[in-house]
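Several structures are given next for inspection.
Paired with chain B in one complex and with chain C in the other, chain A is shared by the two complexes that follow.
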Partner chain A sequence: MKRFSMWRYPARWPLFRVDDRLLLIFTGAIVGILSGLAAVALNRSLSFMFDYLHRFRGHFLAFLLPAGGAALSSIFLNQIIREKPGHGVPEVIYSVSRYGGLLRFRSSFSRLISSCLTIGSGGSAGPEAPVVMSGSAIGSNIATLFSLNDKQRVTLVGCGAAGAISSIFNAPIAGMIFTMEIILGEWSTVNIVPIAIAAVVGTEVSHFFTGDQIAFSHRNFSIHPLDVISCVGLAVLTALASIILTRMLRRMHGVVAKVSLPFWLKAAVGGCAVGLLGLYFPDILGEGYHSITEMIGGIFEAGILAAALGAILKIVATSLTLGWGGSGGIFAPCLVIGSFVGLFFQRGLTVMFPYVDWVNEGCYALLGMAGLISGILQAPLTGIFLIVEITGSYEVMLPLIVVSAFSTTISRYFEPASFYLKDLVERGQLLRPGTDSRVLSDLSIAELLETDCICVKKDMLLRDFLNIVQKSRRNYFPVEDEKTGHFIGMVHLDDIRPYLFNRVMYDTVLIEQIMNGKMMTADISDELPAVLSTMDENGFFSMPVVSEKRFVGMISKATLLDQYRKELMVQTSDT
Partner chain B sequence: MKLELKEVAKSLDLPQGTVERWIRQGRIPIQKRNDLCMFNKAVLKKWAKMHNLSCNLSETPDQTEPDDDQVPDDDNDNLLSSMKRGGLLVDVPGNDAEFVFRYVVGRIPELSTENKDALIERLLQREELVSTGIGKGVAVPHPRSPMPEAISESLVITCVLAHPIDFKSIDDQPVSVLFFLLSPSISCHLNLLSRLSFCLRDNAFVSTLKALRDKHVLFEKIELIEKQADGKG
Partner chain C sequence: MGTRLLHIFRNTPLGRETLFQSAYFCKQTGFSLVIYIPRFKKFLMYFKNDAVQVDLDDSYLVAHKTAEVHAKEITESLGIEPVFIQEDAFTASTLPDIPSDFDFMCCPRSISDMSSKVSLGHIGSPVRRIVRSAKFPILITSPVFKPWKSIAVMFGGSRNSVKALKLGFRMARKTGMPLDIFTQIEKPSTRKEYKAIVTSKNFDKNLSTYLHHWYLFEKHQFEENLYDVPHDALVVLGAYGHGVIKDILFGSKMETIQSTLSNNLLVVGPKYSQVNR
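Let's look at the complex of A and B:
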């Protein structure tokens, strides 16, 4: 029996007792395999659906396909799985920072199915965020199965995300950096090794199943210094596109909120509109890897205006799909829009400066992709490494850095928070490790409680009260109701100071007459940041804490500072 | 060495809830064995040092119990035991403070000759500052700072003078009863002074003091008043 239960607790295996980092590497590899498989499964089913539905594309009613897909996907997510709509990355980030990476089991497949329905039927969205969500949920559930602690679970969530991104793009470093930059928000040596291993394993899984037919194949470009300079202009365009996409998505959410239709009908309306756009411009449908491959390969035939139109229509289609209730991410649409912008820019350059030998349009498409990712996700390193790994050449490094840096800077000027973090920032839920909000959210009021106060009754004489004052080490004395035990007020030492040397008052004044009955209280279940802001607003140094109307202790800024320092030291010096 | 959660929390000066959360979050090093969390003392110390946390593990086992007992013993020593140690001197001769001080200090067996001289000098210095005659014919001579090198345990020596002497008391009355307060620490001194002044608030008690001859009567009375004070306070 004991041997049987041993497998559930790998931390007790003799090998892992030596060092628990080995345990993380081992479980990280398992998570990498599974999230890689999830990515392969989604990719396979997307291409299967694409091939199967391709024969109907010519039909005049084909515009209804994305509508059906989006409606089914929203019904599946809302009614069957009962999960929140959206791409899921903010949920993963929030769970990592607040609940030690705890995610539900059903999250490991829910977004895969719903996004497969949306994207496979032609909706304009990306499969990356759903796969990241699945990979993360797989990591989280494996950590729970093996009864690992929060820190280890967060690492495994990161492993899942890294494995997923690596597997989709065949780009292990990009997967790793995406996880560090976006999901975890910290770089620590404890995390990096298992995440790197998961990324490599994820890539190998995708290699194993798809062979060399990877999403984007390697290319070589010869970059001219003029190209590097021109990248500043490209960065401006990509930043502009990022801002338009972000704002349009938000507007669309605002518009949709006002429409009173059932959620599935809303998704269908959005899908329908995308389908109609797709009739005239099929490149905007689906996740768009196909058109990206064409653009990188330089075989995209349409002209400069078609490229500009493509970028605009893809932005519109993505907002329609995601804004109206379709399921999927923003990563792949970013890549498509980026390629269109890059293509447009390169063609514009060739028209304006026909005698300069510009590098081919495929390279500009890739640079545009990096620009868009840096602009929307505000994750320049992810953009840079993704493109470096896709192209497999270091010559593009310099223009890549220029595009990414400028694009991030410009779009951050207009949109201070990235697309993934925007909602969290608005709700005050972005709790990056080592920040003030994170430390405060980890500390609970129960941990800060000072319980050495002596409670007094309201009909006590001042003389008896003075005897209690003699024994107490605190300046505050909570007053309780005799019958109910409820907290009714507070006596501060300052309140009795005027009567302290007047002996006549000793037997005439009752506590009830001295106490402050309008004292603001905090509940033991309150969140610390809220209590702290109440204290700041009113200039309190300490506050009584009640639980079910009974006094349980005091919370004071002195104790808070002490605990806050310890918490910060423990949280920030993790290696 | 095995450590309990309570001990770990105490040594790090943290609430138990925080240590529990740190275990859950994997911030503090533990070893799991059959659903038990074990702390390793050496590992914990190293961890605390790395995170710049104060961790007084080595002293914890020794300190836990005596910590609670020793402090009250030292500071909150009651008046009665100090009085019993000091004893009662009756019919003390002398016409001025210095003579009385020399007479009384000369009868403290624990003190060496140098310490006796030093103590008398300090007592006189204190009287020069402000008289310790607190009125109603009572004075509480004491040195300004404690003498831990000379006095290991607090002493209260009760003296009834043969003739009342002038002590420059606050009410200008001659003094006939003196309580010598000798303590090893300031907190102990304040505690004794506070308890003594509580007893001296009782006018009936003060009036009996002048005719005091039997120390057991005094101790019984003091015990009674102290009990009252403790019961109330």
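Let's look at the complex of A and C:
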């Protein structure tokens, strides 16, 4: 029985109790395999749906396909799984920053199915973010199975995200960097090893099922210094496109909230509108990888205006799909919009400067993709390494860096937080490890209470009070109401100074007469940052804390600093 | 901080009965009553190792405007001053997080399924998950408000039932009510062995102070013997909060008890850690 119980709890296996890092590497590899499988499953399902539905694309009612898919996706998420539509990445980041990466088990498959329905039917969205959500939830639940602590669980959530991105793009470095830059927001040695393992394993899973192929193959590019300089202009355009996409997506959510239709009908309306746009411009439908391949390969035949129109319509279609209740991410749409923008820019340059030997438009499509990813996610490294890996074109490294850096900088000027983090920042819930807000959020008033104060009654004589002062090591004495036990004021040693040298007063003055009855108090359930700002505004070094109007202790900045340091050391330690 | 019981209020006649139970519980024990009036159909509770999503049924969102007034009327009629909490953190825009640092929580038998709420249906899966993950005991109320006058602890010798017994002593100390222990002797165990467990946990002093009667059943089925549990007792029991499949495979004492007795139940889960206050 004892032996059985040991097998039942993997965390008790002697092998893993030897070294926590070994345990993390092993579990990271498991998470990498499972998230890789999730990515492959979604990819295969999407291919199947595209192939199956392709025969109906020519029908005049084909615009109803995305409507049906979005409605089904919405019903699945809202009624069956009971989750909110969308891509889920902010949920992962929120959980990592506030709850040690705890994610629901249902999230490990919910977005896979819903995004497959939305994208497979032609909705304009990407499969990457749902796979990240799925991989992260797998990581979180594996951590629970192995009884890992919060820090280790966060690492496994990162492993899930890295494995998923690595598998879906066949890009392990991009998977690692995406995780570090966006999901975890920290680079620590203890995280990197398991995340790297998960990224490699995720990629190998993808190799096993789909072969080792580059997502978007291309011709060789010969890049001149003028091309590198022109990238600044491209960065301006991609930043502009990313700002428009961010704002349009958010506005669309606001508009949809005011529409009083059932949730599934809203999703269908959005899908229907996308379907209608798709009748005239099919490149905007689905994830759009086919269009990207054409643009990078230099075989996109439509002209400069078609490229501009493609970028605009893809932004509108993505906003309609995701804003009205469809499910999916923005990664793939960003790649499509970016390549349209790059194409438009290159063709514009060729028209304006026909005698300059610009590099071919496929290269600009790549640069546009990096610019848009960097602009909307404000994660330049992810943009750079993703494009390098999915195209295998190391020769574009220099212009990639220029586009990504400028695009990130410009879009950050107008949108201080990235698309994934915007909601969290606005709600004050983005708490990255080692930051002031995170440290404070991990401390509670109850932990900081100094409870060695002696309470006194309001009708106590000064003489009796002085006896208590002799016994106490504190300067503050809370005054309680004898009947209710409620806190009614505070006596500070300074308050009795005027009476100390006049012994006549000892039997005349009551505590009620010298106490400060207007002392500001903090409630034990208050958030620590709010209490701290009250102390700062009023110049207090300490404050009484009450619970249900009763005094429970004092909170002081000295104790806070002590605990703050300890918490900061825990959060930033590499063990 | 005082000991607090969390109550999710439903502004319906059934919700009124449930709130009466919570308010009565707080009145008897001197604990504080914290009320959450939901504005969304679901909420999340993050526990140490699990994130439990509770999907409420539509009745929880009925007449939201009058909910607070009704809740105050109910609690004040029993002399309890409640504290109302609101969502201040959200996992998603319509998915608030509710704190999980309470000392007790009140749940109806099921909080997502209307069919099993009024009668003695099965315990719903969110309630099971909360039992499994929470550090606090769960007060599962009877369908109609009924003041309880004694404490009945179901003690089967397991680790969880020892925790339940501890909680039973705590409740008896807080309320001053008599405490009965109910044990179904499962062979090959003997009476002596159950008593030895209690002695080994240093409960002798508590037994002599609070115990009214220890019922040790050797004959008849467990369900039959439950008839001896006073109809007006608060039943304290330990449970693992297993899911439905494990219940079907291995059986569940909690399910047997809750589907046989209409009393208020105080269920202690495996993560329960007692704080003496």
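What to note about this one:
The criterion applied here is as follows: the second predicted complex is superposed on the first by the 545 of 575 C-alpha atoms of A that agree within 3 Å, B and C clash if a C-alpha of one lies under 4 Å from a C-alpha of the other, contacts with A are read in each partner's own complex, and residues count from 1 in each chain.
Here, a contact is a pair of C-beta atoms (placed from the backbone, for glycine too) under 8 Å apart; a residue touches a chain by one contact, two chains touch by 3 or more.
What you see is a predicted model, and the numbers here were worked out from it, not measured in a lab.
Touch criterion met: A:Y99 reaches chain C, while chain B stays clear of it. Applying the stated contact rule after C-alpha superposition, one finds that A:Q470 touches chain B and leaves chain C untouched.
Of the two partner chains placed by the overlay, chain B and chain C both lie in contact with A:A446.
Touch criterion not met for A:E482: it reaches neither chain B nor chain C. In the superposition on chain A, contact of A:D19 is made with neither chain B nor chain C.
In the superposition on chain A, A:D423 makes contact with chain C only, not with chain B. When the shared chain is aligned, no partner comes close enough to touch A:D507: not chain B, not chain C.
When both complexes are overlaid on chain A, the residue A:D436 reaches neither chain B nor chain C. Residues common to the contacts of chain A with chain B and with chain C across the two structures: 446.
Across the interface of their complex, chain A is touched by residues 1-2, 32, 42, 44, 46, 49-51, 53, 55, 83, 88-95, 97 of chain C.
Per the touch definition, chain B reaches chain A in the complex via residues 12-15, 17-18, 21-28, 32-33, 50-53, 232-233. Looking at the complex, you find that chain A touches chain B at residues 9, 11-12, 100, 148-152, 442-444, 446-449, 467, 470-471, 562-563, 566-567, 569-571, 573-574.
Listing the residues of chain A that touch chain C in their complex gives 82-84, 86, 90-91, 94-95, 98-99, 102-104, 106, 144, 147, 423, 427, 429, 446, 524-525, 527, 547-548, 550, 552.
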